[in-house]
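Provided herewith is a single structure, encoded as structure tokens, for subsequent inquiry.
Letters A, B, C, D and E mark the chains as written, and numbering starts fresh at 1 in each.
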Amino acid sequence: MKYLYYPGCSLKSTGRAYEESALAVTEALGMRMDELEDWNCCGATNYMSISELKSFALSGRNLSLANRQANNTESVSLVAPCAACYLGLTKAKRYIEEYPEIRSKVDGALNAAGLEYRDHVRVRHLLDVLVNDFDQRSITERVKVKLAGMKVACYYGCQIVRPYSEFDDQHNPTSMERLFKSLGMDVVDWPLKTRCCGGTLTGTVSEVGQRLSYILLREATRRGANVIVTACPLCQFNLECYQSEMSKRFNDSVHIPVTYFTQLMGLALGIPRKKLGLHRLFVPIPDGVESPAAGGAHVLA
Amino acid sequence: MDNWRGWDKISYQSDLDPRFAEEIASIPGGDKLFACIQCGTCSGMCPLSSYMDVTPRQIIAMIRAGFKGDVLSSYTTWLCASCYTCSVECPKQIKITDIMYAAKRLAIREGVYPKKFPIPVLASEFFSAVEKNGRSSEGRLIMKFVMKTNPLNMFKQAGLGLKLFRTGRFSIKRESVERVGELNSMMKFLEMEHMIKKASDAVGVKEDHK
Amino acid sequence: MSSLDNKHNGSARVGVYICHCGINIAGKVHIQDVVDIAKKLPGVTVAKEYKFMCSDPGQEIIQEDIKKGLIDRVVVASCSPLMHEPTFRGAMAKADGNPFMFQMANIREHVSWVTKDKGLATDKSKALVAAAVARVMFHQPLTKTQVPVNPNVLIVGGGIAGIHAALTMANAGKKVYLVEREPTIGGHMAKFDKTFPTLDCSACILTPKMSAVRAHPNITLWTYSDVVGVDGFVGNFKIKVKLRPRYVIEEECVGCLECIEACIFKHGKFKDEFNVGLAKRKPIYVPFPQATPLVAVIDPETCAYFRAKCKKPCADVCEKKAIDFNQKEEIVEVDVGSIILATGFKTFDASRVARYGYGKYPNVYTSLEVERLVNAAGPTGGEVVLANGKKPKSVAIIHCVGSRDANSNKYCSKVCCMYSLKLAHLVKERTEADVYNFYIDMRTPGKGYEEFYERLLLEGINFIRGRVAEVTDWAMTPDEEEKLVIRAEDTLVGKVRRIPVDMVVLAVGMEAQPDADDVRRMFNISCSHEGWFLERHPKLAPVSTLTDGVFLAGACQGPKDIPDSVAQAGAAAAEALALIDIGHVELEPNTAFVRDEFCSGCRTCMNICPFSAIAIDTEKDTAVVNGALCKGCGTCVAACPSGALQQNLFTDEQIFHEIEGVMNYV
Amino acid sequence: MSKPKVAFYWCASCGGCEEAVVDLHEDILGVVSAVDIVFWPVALDFKRSDVEAMKDKEVAVAFINGAIRSSEQHEMVELLRRKAQLVVAFGSCAHLGGIPGLANVFDRGAIVNQACVNAVSVVNDQKVLPSEETTVPEGKLTLPLLWNTVKSLDQTIDVDYYLPGCPPPVNLIGEAVGAILKGELPAKGTVLAPDIALCDDCVRRDTKPEKPALKEFFRPHQVKADPEKCLLAQGLLCLGPVTRKGCGSVCVKANMPCTGCMGPTSNVVDYGAKALSAIASLVDSNDDKEIAAIISKVADPVGTFYRYSLPASLLHRRYNGSTERG
Amino acid sequence: MSDKNVAGSDFEPRIVAFFCNWCTYTAADLAGTARMVYAPNARVVRIMCSGRLDPQFVLAALRKGADGVLIGGCHPGDCHYQEGNYKALRRFTLLKTLLAAMGIEEERVRLEWIAASEGDKVQRVINEMTEQVRKLGPLRLEQIHQIEGSHHSAAQVGKHAVMEGAV
């Protein structure tokens, strides 16, 4: 299986820590993941509002580049850590392959640029790869640090499960919970793990968007979580960066660390905090939660 | 009675656009829209429906009935955060999120979206940046967006910006693909296709009238 | 191809009759054009059109032409042969023509109803008529064979439909074998407390019928049994029934239930299937006090004797020595002439709709569970209580769970609106809780049904038009704490509402039995998309199937309430009785036959006959077809390497000419 | 009364049919004494002009073997048709198209290229191909046109009777000639052989199981066939059940499966389709993958089922797609 | 029909459909009852069971001018005659290899399992096949043979195979 890394725009700016931790974790697991050369925007949510076809063509270019970079092999996964990119690419692939009229236009556009579309490339979310391509026991064995007292609320958000749930249950996904149990952490059951965080509304119509995020944070806290992990740069941004604003707006004290799932995972695997971009958090993971693990098997028990 | 602001709420058939539904339904898989039984699952599931001026269910009904103006100028479509909950739970498997997109595209094309509403502005800024450079530069996008919608917000958001800047999460560097030419050729091709289609549609319309 | 050229009966005189079927055909086909073409076809001596060929005057046109000697064979272009072939064959026979000198061209179902363009529909009709004419030229006079009908009947399923059919047949003096797989008959109806809209007690009207079945001299009742084999054909089925061991000798047991009392388990410990898991039973049990037969059954999975050879207090206490741990499964074989399938339905598995929280939140119930809760004979003695034993103060009833939903079942289950109203009434009556009914459309067509809806409206039940989005347990407001929260759009108001309740009732829809596909295979019938048994015609033959002699009753054919099930059971019984009354069935003469002079005895045919109807005549060294065993599929004919085997009504030359006919492009 | 005149002619054939006539041995003398052979290019020195000089219908019977695949053969058989009262298609090739008929899975271009350029034994660097007309200093030279499609005799001229077989069995030839001489002729178009399949007098028939179901097919070189048992029951594609008897089952007696040279019985329209149907009916599986696997063992279905009858089949020849027609 | 010009753009495929009486023919009736409009290009020949389908019928249809042949039978396991459809499948599998060798495109001869309840499948399959065959263009073997047989007057392919012995 060959992996190509599709960062998308956010992982190069607001989501830098996601990129840092994702690359650190995959490296620690011995997984090679080259960056897709000259990738472009996935044509996500906002783009779709203006031109659907152009959005598909943009994703078409990424898929076509991936195929070329993988020398046309049939077992290449284009790994997108960003949920919106994952959906943008998945949706484009589905529509291109399902609707001949879209296919012919995308083909035409790609040909005009000297590119060619092939069905081979699999679009994968990083979570899918880490949960399903690795034996969870081997991950347990690699745990170097025990994160005492961490009660994790796993937050999936929308777009890795909807509308296509390719690697997990649509209504009750459990991939992240399984992963964090393998990492020896307690997970909290909460019913809102796939409810929308508000997306870009937190910035555009903030009174609405932030309320959505606030509901999530409040319920997670109420259910005993002391850290939330996410698998999407926008979700992480919304849940973390507006906490002080929310506290004012909703007259409540909102204070809970929100990390990328790869950051907390990296911490358990013993990767230095800095390498995981943990210093970039607004709400830090408290110092001293780490203690050396007594060995993989013990963690499982 | 002083506060009574009466208006004629009746809708005349001549004010409706009977082709609106067909137009929206022409998106891939869009014809399922006609199967809607108005059960309201979409509105019930929608995390944003409580903030919308009309519910998603009503949007479908309005599209079907030809209330083009009301649909395109409503806030509902722009509040849709594309979480796809409605699409997944719809008992008739109507691709409601895609329909919202279709309505947004039409609103922009016809210039009838709620003008001062920030969301279409963000979408257009995002679109033009990506179309030009192939990537979005989040920092620049946010700045431009704030300038265009509510410059005063710049000060309100200064704290957040500063924090982002300090943690290395904010940059105003312009991001771009290397081979911009490739993208340009692709977009040109699609625009040509679009123009050809429009032209031929226009001819078709003319013949219809004869 | 010369084999297809002009080698028909030179003296053949074909009459072609084109039916308008009102405007059904005439609206889409230029009838006169078809008549004109027909007139030009070789062998055609008469070509006519008429408004309704199947009507008496229509049939008389054909009969007169036969009597006048104008024609000796007939083509009718009208509807499907599956619809009216018997009609026209009958008409020919009445005029002393041979009914098999007949061919139908299906220009309604296959043309006028499915074609948009009138010109194209006309062209297609012409071709189908040409094909029928080309083929009928090679028809030969044939006669039907008659076989007697065995007057016994098999009824599968002992719910209300099976019970009613069994009693109807038995009262008419026919021998009935009633097979039920549960330990008792009664089906779903036995679980209900009241029936809508009259609210009369379900048990009060059902149990007398159950007892009547048990007591009837003409009914053999096999409970805890399955049909495992079906062979033969209409009038002459051979049935194999497996009687599972219940470890209690049915003939000896008097139903005193002392054994249950004596069981080493002092209290029920295992899932009580009859109470849909709301109560516990012992390893030895009767499903409910009015079970029929009232004979205990031992579940070997849970009985301690089977697991550890413990003491046998149940056997010791039984004065009749009815308990027999050595009982073995038994296979009985019976001959019947007709079969009524009344295998019923199952309720939708509510856990498939994850967002309603069934299986996750203890106070989310299915409607069937609430039927047991409101039932005075149920696990709570008719008290509607929550998992913690308290009475609910507010109850939401969600309609259409597993119905009208492309993600589960597309169809409307037909009974849920009405039973939801009934449950709303009963819950309100028992608990005085606030009851909210969430519905998409309120469907109350039926005698007294709409009136019942009005009664509930007046009783103060809340009706909210909107399909519930989700049932959750996270609170937004203080009054939502510790409650189940319903989120739904009140579509009539146009607002999304959150309503906290104590109890949620999911009105689950009806689904085909999970083994319906195996059952239909065994009985050689079809299922619809949704898995319901397929009737022969949705309107005109709603209780018949495509397999002669097999009839349908009750919800195995589609969602039905009690009155509909009973009505259909009566109809199925009437169909079976009609068959028995005639006393014989006529078999289509479409059997295969060997032309000895061409048969080299190569045995290719013997290999593939599924009915072992072909043997070698050892004297002539040729194959011979046993006409009584041959079912007329024709697969041997297709295999015969030298064309020696042929099939009546489907000979090679008939089909070759029909092919040439359909290729008649004008 | 003069002796009836008889003509023999060969078209696209191997010459085996001519051998068969000679194989009549001393019986040929009887034939020769009873008839007057007026045309037999392979044995006697007659010219086309001799035939052209005859009156129409002057020849009592013309025996024509070989398939028809060139303009010359076509002209000759039309000429013989005019001159003869009866035409007998002699042997598999004239009857059904025969082995040369398998050329119908190719087209003329491919055949000429193979024969004149690509065949390993050919040296033709300039890739010179035969053409209908060539101009040389001495003038114009012409060659007959090779047809794109091989035809059976009755696809080119009207045929009265057929003598099947590759070559026709001697006894059938004798009986046919006898019948003609005596004027005891069956209906026109009859195949002059028994109208029943080979199994009818196959010595191995009784060894065939009641249900001859097969899980595997073999080609003759893959197994050592039991010389007593039904070949089909051993998985060998013996086409005896599909093929007219009359040959004396010589192949089966030699432990080789029947390949069908006698053609089908009169009830069968398309030999190959029927053979295919019968063989597929023996496949013992209901699983689509297993069925495909068993059937994949039938090598070269056209060559197997239409070895002698492709031109006379319903499909007649390979179809080259809608773009290449004309 | 407006397809006199066989190679022209207004080509209308001709499809002969052999439907088994119990499943597919009934399904076609159901499509009719439900008024499911579909392409008029397929014309149905009813046989009692797909097992009756002699491969000769397929070739005869093609020979007589069909551009495609559709065979419809009950789903595996559903045959009214226990396993006639499996026999059809065995013959069809072998026939397909033969047709491929004869240059007949795979899409022209199709076997479909269509249950009595699947009226919509009849509609879909016929529409789909009509379009596939339309894309392939005409087959029209009969016309090819006439063109190639222009050397002489009457093409008499299959002459030997006169059906004898009245049934």
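Here is the rule we go by: contacts are C-beta pairs under 8 Å (C-beta built on N, C-alpha and C of every residue); 3 or more make two chains touch, one makes a residue touch a chain.
No experiment lies behind these values; they were computed from the predicted model shown.
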Number of steps on the shortest touching-chain route linking chain A and chain D: 2
Pair of chains joined by more contacts [C-beta pairs], C-E or A-C: C-E
Chain C and chain E, separation of their C-alpha mean positions in angstrom: 32
Chain centre separation in whole Å, for chain B relative to chain A (CA means): 25
Chain B and chain C: spacing of chain centres that average the CA atoms, whole Å: 49
Length of the line joining the C-alpha centres of chain A and chain E, rounded to whole Å: 52
Junction residues of chain D - those touching two or more other chains: 195, 264, 266-269, 274, 277, 281, 314
Chain pairs that touch, as defined at the top of this document: A-B, A-C, B-C, C-D, C-E, D-E
Residue numbers on chain C that touch chain E, as the complex places them: 1-4, 7, 80-83, 106, 108-111, 113-117, 120-121, 123-124, 127-128, 131, 138, 140, 521, 524, 526-529, 534, 538, 546-547, 590, 595, 597-598, 608, 610-611, 631-635, 637-639, 646-647, 650-653, 655-656, 658-660, 662-663, 665-666
Contacting residues of chain B [partner chain C, same complex]: 37-46, 49-50, 54-55, 57-58, 89-93
Contact set on chain E toward chain C in their complex: 1, 3, 14, 16, 21-23, 25-26, 28-29, 31-33, 35-38, 40, 43-49, 51-57, 60-61, 63-66, 77-78, 80-84, 87-88, 91, 115-118, 123, 156-159, 161-163, 165, 167
Residue ranges of chain E in contact with chain D within the complex: 7, 54-56, 58-60, 62-63, 76, 83, 86-87, 89-91, 93-95, 97-98, 101-105, 136-139, 141, 144-145, 147-149, 151-152, 155-165
Of all residues in chain C, those that touch chain A in their complex: 354-355, 472-474, 476
